[in-house]
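One chain, chain A, links the two complexes that follow: it is found with chain B in the first and with chain C in the second.
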Partner chain A sequence: MPASSPASTGEMARIPGMKTQRNAELGLLAFAMVLVAAYGATVEASRIGEITPTFWVPAALLSILFLGLHVVVRFTAPYADPVIIPAVALINGLGVGFLRRLDIGDALSEKLPVPGIFAGIGGRQLAWTLISLILAAILLLVVRDHKIVSRYAYTLGLTGIVLVMIPAVLPGSISEVNGAKLWIRIGSFSIQPGEFAKIALVSFFAYYLVRKREVLSLASRRVLGIDLPRGRDLGPVVTVWLLSLLVLVFEKDLGTALLYFGLFIVTLYVATERASWLIIGLLLFFGGVYVAYLLGASVGGPFANFYDRAEVWLNPFDNANYERLGGSYQLVQGLLSLGTGGLFGTGPGAGSPRFVPEVQNDFIFAGMGEEIGLFGLSALLVLYLLIVERGLRSALAVRDSFGKLVAGGLSFTLGLQIFVILGGITGLIPLTGQTTPFLSSGGSSLMANWLLIAMLLRISNAARGPAASGGGSDRSGGPKKAPTQLHGAMTEVIKP
Partner chain B sequence: MNAPLRRAGVVILVLFALLFANLNWVQAYKADDYRTNDYNRRVVVAQYERPRGIIEAGGTGVATNKVTDDALKYLRVYPRKEVYAPVLGYRPVGLAATGIENAENDFLSGESDKLFADRVKDMFTGNNTGGGNVLLTINTKAQEKAWKELVDNERGVDKGAAIAIDPRTGAVQAMVSMPSFDPNTLVTHDEKAASAAYSKLNKDPDQPLLNRATAETKPPGSVFKVIVSAAALQNGYTTETEIEAGREYRESGAVINNSEDEVCPGSQIDLKDALTTSCNTGYARLGVKLGRDKVFGAAKAFGFEDDQLTVGNLEGGGLPVAMSDTGKAANPDGGVDKGALAQSSLGQRDVRMTPLQGALIAATVANGGKQMRPYLVQKLTSPDLRTIYTADPKTLRTPINGQVAGDLKDMMVSVVENGTGKRARIDGMEVGGKTGTAQNAEGADPHGWFIGFAYNDKGDPVSAVCVMLENVPGGHASAEAARIAGLIMKAAAGQGGD
Partner chain C sequence: MPEFVLTVARFGFLILLWIFVFTVVGVIRRDLFAGVRSKSIVASPRGVGGAVPEGRPAKAKRGKAARQLVVTAGNLAGTRITLGEAPITIGRAEDSTLVITDDFASARHARLVPRDGQWFVEDVGSTNGTYLDRGKVSGPTPVPLGVPIRIGRTSLELRP
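Then we have the complex of A and B:
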């Protein structure tokens, strides 16, 4: 491509008078990084007893990374929502800070010197943040218009299903961790393919539903005042329902199943505007869950794990559940950690998070809860809510159906995942093995969720950008072949 | 599509509101529960940050601390291992303590209100002064003697208990239970090892964790005749009153014989001789003649049917004491089953008693009818050894008057001087008591009992004791118990016992 063309250098056309709010983003980002640095200083003061001269280094490194992303956004998505990146950056930064706090605590309890910035899980998380941000930047650079993604919808859909199914078919020695088969482990390296499947599946669903929405929403029979869809249109819903129940049974994980199913049902509902889909979906899911529970109680076998988890959830402080291997020990320790924190917490660095097993992964929220208290956790919840609602707002504002469904589906899935894991840790719902987005240690989750954020940024750019005046999206600078209308771009014929 | 998107947003809002509400429940409403929950390891670590108070007996530490270099700073050490285990119990990491370690936990850990001033001082000085110290009533010589004689008994018995009490105060001088356990294995900071040691002890069919002196009841056999005697003396009998005896007594299907043919074969015997020779037919008839209410009423007056008693601090708390019980001796319609009453009068049938209850009976007789509340904690001192509490002996109950007590004392002294309890005699001291041989199961060796008391040369009752040996082989089951009881009382009296 000619280098002189603004479209191909990545510089987006800016319309005078429209606010990009990139400077607001920069200011918020700086504020977030100051908080991260302050958190690091507090941790050192209470853990080591003094604030070391290098306390600011992790925050500074993170600042450089986020600044890099900010610059990429400035050039490739200037109209993107200015709040999303600072909010995610703050959570991500606090996550790195808490993981480093675990490293410092571990080293001191072993009477070792304070570990370096790049050592331990904190250092690794820093590296994962770098990789995640590079991936997010690449996505922003390559996908200049979110509608291109629809061209690869079937590939993405297939990839998503394969990613979901891989751990289920692999032997437990490779895929099973703490009773849930969600991983691919090779040596010390492990990934959770399901994390990436979210984005792929949302894209596929969005594409499928945009094409089918009229059929799904119009053809119906009325039964008991509810518009029921025709049997053949139920096919994909039933397929996904079966798929998520298979996940439930073979990956032994209710949370992931709930996530995929919720994702599909919500995109379906948004696409068709038909409440009947919601009702059918919820009935199918909770019916399936209840049957799985009953089967677990009577038959056992692959359902036993699920029954056990429900039992642990209902009676965590029961002595038999507490003592049993794979019982409520972790949940109880998490609750005790949260309770010990109380309203204000013990202060960063002053708690004992290591009493909670897996505090660096699934239970990071409980570990942080002891130190930052109810007030700190509420602030974190608000940050998460902010991200999800900003995503949904982009979905509302964006003009094309595909964009609406992708942004809505991704935002809702993110919110649902936060609900599933935090609800599990706090005893609101049965505990399932989900990572806490942007906080938990581990590359898969961080990379996948940053890619999700990049996708949201891309769509919010289209939503807030100048295209509003033109009604199309060609001006967004994407490749020339980007279709303006999905229907027109496809060769398939839709039969009502 | 915007309307459903907005609704999805509302759903997310609702879900987050649920999270927030639940977080309030966990971190605000339940916070105190969780902060002090037994499963909360932080509580444990905080407790181990300062040394736990010492438990002393006669100037020696029987529960002390050792500084470690692991996460828990102080290791609890029990230098006398099995000897004091039934009294002290043990204090494991992260689990509930037992024994005095449990009963005085607040004081030992320093969390008691009585040590509030010390905690406030800590806040200003930044020190971690330890918990308060507990001084036991235990007489170390009597305790060591009781343990040694119990485990080295001449009959090779492997289960039993002994307890000695100062009749004037109720202070426990010795309390041992066999088999016992080494509490050090249960308090090690290696929690897996501690847990393994516990399950091994817990599964042991001989029940080493059971304090047989307070927590186990067994049929007392002829020891119960002291109760029947008390009932008789309170109802117009004297030590010289002749009662019916004989070789055999049949009552409502129950057949009562004497232990040997030469015991009270005649038709009449006076009360004192009946106790001295442990005349079964005489006491069975006496019990039936007095009636169920009087016999069981006397037992209750001495402390049977009391399920509230604890032995520890006189202000409350301590080792729980199992309820001694006479049973009902009733027909299905509730009326008196005379056969059962005849057998109950000999401490058989459904009569069950703790060794502590046995010692209390002897102590009551020796103390002129006043039963003092038994206790183990003599004194509590702050970390800087200020005295915070000193035991003030309390009368628990007065089942008999001085007259009856005097008569009972004469009869029990006669048992040791002329009758079945001769092996309990101590040179230079007046000793009284009563033996008991209790049948328990078909084909099993009987339990041997002895309850008794000893007076010093000034005429003060210095010790009351109960020794119980389970399933003693070789006949005369109570003789070995009597011998051990004598040695324990001698040790208790020798150690500055006035």
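Then we have the complex of A and C:
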């Protein structure tokens, strides 16, 4: 049968949205850097009382760094999403600005001169930004097609699990910080391997699920209106569930456990389009957490830390909890900070963030919230939301299943991480030691999240670029048909 | 620094922050709000769908058999498929007969099945639905010639 003549399809009609929009990115980036400079100036004006002649230097340095990344993107991923980099750059820049503001505050309260640009945690964050951007650029340069990553899926999966497990097996003296065993500390240098595990695990999950999606989504029984998968297909889910519970128990960190488990469940959901996975996942997770809570109350031992955290979450203003070492002091100070900020905040540089322990790490949102208020915080949150939305949009638009799952999984991870830390700070969920992406001080988090962004840029380039050829989206299987061509009508398979 | 300048700087910064957010949204507005339009064509009560008996008025009226499926709007506009005896599956899945690149289409969206010379369109569990002209397709529905089948932002028509 004359099914179709490929010639008649011709070149795919270019839809108007296929512009690279790189100039829009450059413009937004410039705007973001102006904002970072304005933030720095406001901080100096209210903290020091005058605007020093060098107030623009951090913003200028950041501009050079982001401009470098922009140029790399121009050449290696010309169709990448135009708003991801500016939004992340603004958040990163404000993070540097806030850390520098902490340095200035600390120095002034000790009656020391205003620290230099490269001193203190602000300066270190600048250096980390430089390294992170170099890593992101390298990833963009090396991985010209995201599908290449799928070749190393099993290696990445193994790497991810090893990275997750390292802190759990190391002795507490090396890996434990504030009760959570998430670190590898050697001298003054410390990294959080779990941050990097995210990307490796997403790639592995995506690869695994692309291969298994058919059996997972089709072989199912219908019970009570939801499609339940067969028992043996549950194997990998249960494995990951156990893994995340082990993380919960041995690394004493609910946030990380929730992150890995949520990541897997959502990737599974995206792969199979079955809502039953979400229901099963949520039931399993909350069941596991509740059992851990009960065990912590009765048995103690490895569950005690988790029980304490839940107790702090439930009754933060309880006096016993507040006074206790490792109790709710931090949470309460954070809440008071946010409350002091109110709607519009005290103004950049005019708050007292140092009342909140760890304000440069986990509680940076509380510290910033005091100074920029709900009005400013919600702007930051909308920016995060937009970054996640762009990632999900790329996942929708990209043509290959692996790319879809990776982009969906990565953007969801980013969103979930923000939810976990913000929920913790505001008392919505038990507080766990997650970093705020791009904002908190710390190299591991910044590097890992910039790598994540680089991967999203790579996938969005494939998603928005010309579908048939070029743009790095060449199909890896050479003889495979270009998407515009129509398959022969006879060979089609109708899935039951 | 006078208090006044600080206040201006403080609120100025917040306003600038929001202007940035809206500028970002402006750049991607096309993407954000695409598809909202299709909400307005929710199945009209007298829709073509439902358990329409396998009548063939359309065919009887025209007396012409459909020979081609033409994509009239969307990413693949201009694509033509010559119709044969075999059913045609439409969706984003790579094994579909017509693979459409449309964010609002499902992997397996709809299929066209011939029966006694008449083509029927059937939604196969899509997320956003299939529309025949303005009515939502909820069962096998006969497709008259020249009436648009809408899937996401894509429109298809049968042509003689």
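Just so we're on the same page, the second predicted complex is superposed on the first by the 451 of 496 C-alpha atoms of A that agree within 3 Å, B and C clash if a C-alpha of one lies under 4 Å from a C-alpha of the other, contacts with A are read in each partner's own complex, and residues count from 1 in each chain.
Going forward, a contact is a pair of C-beta atoms (placed from the backbone, for glycine too) under 8 Å apart; a residue touches a chain by one contact, two chains touch by 3 or more.
Predicted, not measured: the structure shown is a model, and the values here were computed from it.
Contact comparison for chain A: of chain B and chain C, C touches the greater number of residues. Look at A:Glu273: by the touch rule set out above, it reaches both chain B and chain C. When the shared chain is aligned, chain B comes close enough to touch A:Leu405, but chain C does not.
Touch criterion not met for A:Ile186: it reaches neither chain B nor chain C.
When the two structures are aligned on the shared chain, A:Gly373 is found in touch with chain B and with chain C. Once the two complexes are laid over each other on the shared chain, residue contacts for A:Val142 go to neither chain B nor chain C.
By the document's definition of touching, of the two partners only chain B reaches A:Val332; chain C does not. In the superposition on chain A, A:Gly423 makes contact with chain B only, not with chain C. Judged by the touch definition given at the top, the superposed model places A:Gly341 against chain B, while chain C stays out of reach.
In the superposed model, A:Leu386 makes contact with chain C only, not with chain B.
Residue overlap on chain A between its contacts with chain B in one complex and with chain C in the other: 273, 373, 389, 396. Per the touch definition, chain C reaches chain A in the complex via residues 1, 5-7, 9-14, 16-18, 20-21, 23-25, 27-28, 30-32, 75-82, 84-89, 92, 94-99, 101, 103, 106-108, 111. Partner chain B is touched in their complex by these residues of chain A: 109, 266, 269-271, 273, 317, 322, 332-333, 335-336, 338-343, 352, 355, 369, 373-374, 377-378, 381, 384-385, 388-389, 392, 395-396, 401, 404-405, 408, 411-412, 415-416, 418-419, 422-423, 426-428.
Listing the residues of chain A that touch chain C in their complex gives 1-5, 8-10, 12-13, 15, 17, 21, 24, 28, 31-32, 34-35, 38-39, 41-42, 45-46, 49-50, 82-83, 86-87, 90, 273, 344-345, 347-348, 350, 372-373, 375-376, 379-380, 382-383, 386, 389-390, 393, 396-397, 399, 467, 483-484, 486-487, 489-490, 492-495. Residues 1-6, 8-9, 11-13, 15-16, 18-20, 22-24, 26-28, 30-35, 37, 39-42, 45, 71 of chain B are the ones touching chain A in the complex.
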